[in-house]
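Shared chain: chain A. Partners: chain B in the first complex, chain C in the second.
After this line comes the complex of A and B, so read on.
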């Protein structure tokens, strides 16, 4: 069966796996965003805490993904939970790093002016600093998402949902009729999903960047 | 990987008049950098030993958790990482140099874009695709690892070389250096930090992806993880995961130390 015929026959299955894949990634990145931005706000006045947080979350990225997925099996057993938990652990670092950088890069005189106008620390954070830092923060979330799309493919090794299933199906059927088609569909599906999400972020960035700092 | 970019800010309490300072390449290494990571990793290994000793291992577990098996898998894993990383450096650095020479410079933009796109391709997909189309085993795994990690070194080599100040190259040319000597005496040394960062990323990618090579019969510590999942034996799974993680962190730590030591003086 040619790849085109295969796609014609299996497109609905592939689409379902693609949607599951996107769900796992977006849930994980959503959780990581909340954790990452909260951490950035908490550690911003404590240089030592900031360095420790960045070092620890950065170290996560060094741990082989297969090993991290595996280590979470005793905690979450098999399926979507260990896959999501592993992706959260990976996604925190880029989000935290960009949130820290973004908040730091807000010009000091802007902060002074806002304080002079009588804004409280919270008002300053919510109405001035976060909006000004937003493009950098959003880029961190984008990087975390694209990275997670690729790593999530390995989630199929711990029975997680998503396009990785097709790749492992291909491996299991090695030498069989659809081995190559399965693998190609999984591999290209992941790449296409990454592109779609990347384009989504371009759109979100257009829509959510405050007018005053739009390029 | 990216942790290396978080340098401690210069200590403001040290008076600027301090005259006796250690050589710069040693000042990059603080005591904490050298000691903390190995100490933590040894503690993790000790915890693994305690955990394994506290359990009565059944037949299946004993077949995987014994020193000859583990050391064989560890050596296989290190071989996969070493061969693939050396190949990546040997291929990607010269390619990056070629792509930044005036004749080919216009091609580097599209290739950087392609390199970014290539990151979206999952490593397990590349491994399996090669296994399905060409074959399995050590060599195929090496090819897959090289394909996946190649782009990060290539990209950083191009970015590093492009980032060298044109004025410095002009000055070196003005001093009578040939183009080749400018490359080796000015451009490459100045781009070493960026190139090393890319090589470190490639090394970490290779350790991680080598853990997946067991799926294509190329061995490595992934064998334990895979067996642990398939046989539902947590001690086997945990041993494989912890050893793979410790190996990755050890290599990253070593790479970080090397990165700081070989960084050219003056940068």
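After this line comes the complex of A and C, so read on.
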């Protein structure tokens, strides 16, 4: 079967796997966003804590994904949970780092004026610092998302849902019927999904960046 | 600037009581054992070279900096007894970099403190309109703009409007016009003085610019390094009687002449002027000896001194002009007497150069002519 014929026949299966893949990624990045931004806010006034948090979460990225997925099986068994957990661990670093950078880069005179007007710490964070840091924070989430799309494919190793299944199946049956087509479709699907999500972020960025700080 | 206060004593609005601030890691204190009182409704300027502790002193008033020792009172209340955020909402704060929130419109920036205070939306909108008008910005044109769409001067106008939003009795201003080019700075200073005439805030104003201090200050505290006050006095007394060499060198030369720029013509005793109608003057010619100061008028409009004749230029000034301007006019006209008109163009009298010489004294600056005499000036201007 040619690749075109294969796609014509299997497109709906591929689509379902693509959607599952996107779900796993978005759930993981969502959780990582909450954790990452919270951590950034907590550690911002404590240089030592900040350095430690960045080092720890950064170290996560050096663990080969295959190994991390495997390590999480005893905790989460098989399926989506270990896949999502691993992705969260990877996604925290880019989000945390950009959140820290973003909050730090808010101009000192703006913060000074806002404090001088009597904004509380919370008010300052919510009405001044987070909105101004937002483009940088959002970019961190975007990087985490794109990165996670690729890593999530490895999640098939722990029976995680998504396009990784096609890739792993195909590789395992190499030489068999449609093995190459499966692998190819999985890889292509991952690339297309990454592209779609990236475009999604361009749109979100347009919609959520306040007009006064758009470049 | 304020009128002479007679009778009731001035009310203290801000009081610093032996306040010190030592930053960790610095051997010398930034501010040392400083005491200062600011009365309600006056502009007190903190003046001094860079790094002498002016900003530190000002920021201890709204607790952006906590003193190492000493007490600060605002309206009789020890500021450490009040929640710092609540305190700051009652004190306007304007800084050189303005610090408008770039992601909010002009309207939202001005409305920020009222919103924090929980004002209803309609009242905030109304207040924003009112303040934009007060600061000379068309509400329709400016309300929806973002800070980056404004010039430096417009940004600082919005900065002042924002500080005034909740109508605080006290304003702290840290070199607010320092980053503007000279022409805009001059205009904003003038506008600020006019504004102060209306709103009568208690203002602490930091600057390193002596001319700005003289122009705006009711009183000026000259700082020397280490946050100590070298002299705390009216601009006039500062110019005329600098307390020591440091103050004298900081002020620069020409103090007595610059003093004239602080004094209004209306503050000096004027001499009476007789008027002669133009038609009468023509018919009598120069036969009759004219009275000492008689001016020839046509339909109420002064034309020339009768003594000098129609060809001699005449120095004419308004009573609201400064003595400096009056002398300048007199010099230009080669005339040692200037005719003084009031704001409506009516003849008030005439000012002689000799009168200026006799009355150029710091204690006379800021007084109305009628107040000159026994009893001396009020305790503060």
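To be clear about the criterion, the second predicted complex is superposed on the first by the 215 of 215 C-alpha atoms of A that agree within 3 Å, B and C clash if a C-alpha of one lies under 4 Å from a C-alpha of the other, contacts with A are read in each partner's own complex, and residues count from 1 in each chain.
Operating definition for what follows: contacts are C-beta pairs under 8 Å (C-beta built on N, C-alpha and C of every residue); 3 or more make two chains touch, one makes a residue touch a chain.
Bear in mind that the values here come from a model prediction, so they are computed numbers and not experimental data.
**Student:** In the superposition on chain A, see if there is space for chain B and chain C together, and answer fit or clash.
**Tutor:** Result for chain B and chain C: fit.
**Student:** Counting residues of chain A touched by each partner, does chain B or chain C come out ahead?
**Tutor:** Larger number of chain A residues touched: B.
**Student:** For A:186, is the partner it touches chain B (first), chain C (second), both, or none of the two (neither)?
**Tutor:** In the superposed model, A:186 contacts chain B only, not chain C.
**Student:** Would you check which partner chain A:20 touches, where first means chain B only, second means chain C only, and both and neither mean what they say?
**Tutor:** Once the two structures are laid over each other on A, A:20 reaches no partner at all.
**Student:** Quick one: classify A:153 as touching chain B (first), chain C (second), both or neither.
**Tutor:** A:153 sits against chain B, while chain C stays out of touch.
**Student:** Considering only the touch criterion stated at the top, classify A:113 as touching first (chain B), second (chain C), both, or neither.
**Tutor:** second
**Student:** One more residue to check, A:66. First (chain B), second (chain C), both or neither?
**Tutor:** first
**Student:** Once both structures sit on top of one another, what is the angle chain B-chain A-chain C taken between CA centres, to the nearest 10 degrees?
**Tutor:** The three centres form an angle at chain A of 100 degrees.
**Student:** Considering only the touch criterion stated at the top, classify A:145 as touching first (chain B), second (chain C), both, or neither.
**Tutor:** neither
**Student:** Looking at A:171, would you say it contacts chain B, chain C, both, or neither? Reply first, second, both or neither.
**Tutor:** first
**Student:** Once the two complexes are aligned on their shared chain, state how close chain B comes to chain C by Cα atoms, in whole Å.
**Tutor:** 8
**Student:** Inside the complex, what are the residues of chain A that reach chain B?
**Tutor:** Result: residues 47, 51, 54-55, 58-59, 61-68, 70-71, 73-74, 78, 93, 97, 146, 149-151, 153-154, 157-158, 164, 167-168, 170-171, 174, 179-180, 183-184, 186-187, 190-191, 194-195, 198 of chain A touch chain B.
**Student:** Would you tell me which residues of chain A are touching chain C in their complex?
**Tutor:** It is residues 107, 109-120, 123, 127-128, 131-132, 210-213 of chain A that touch chain C.
**Student:** Report the residues of chain B in contact with chain A in the complex, numbered from low to high.
**Tutor:** Where chain B meets chain A, its residues are 1-3, 6, 8-9, 117, 119-126, 128-129, 131-133, 136, 204, 207-212, 215-216, 221-222, 225-226, 228-229, 234, 237-238, 240-242, 244-245, 248-249, 252.
**Student:** Taking the touch rule as given, give the residues of chain C at its contact with chain A in the complex, in rising order.
**Tutor:** Residue positions touching the partner: 62, 64, 85-90, 93, 95, 97-105, 112-113, 116, 146-148, 159, 162-163, 172.
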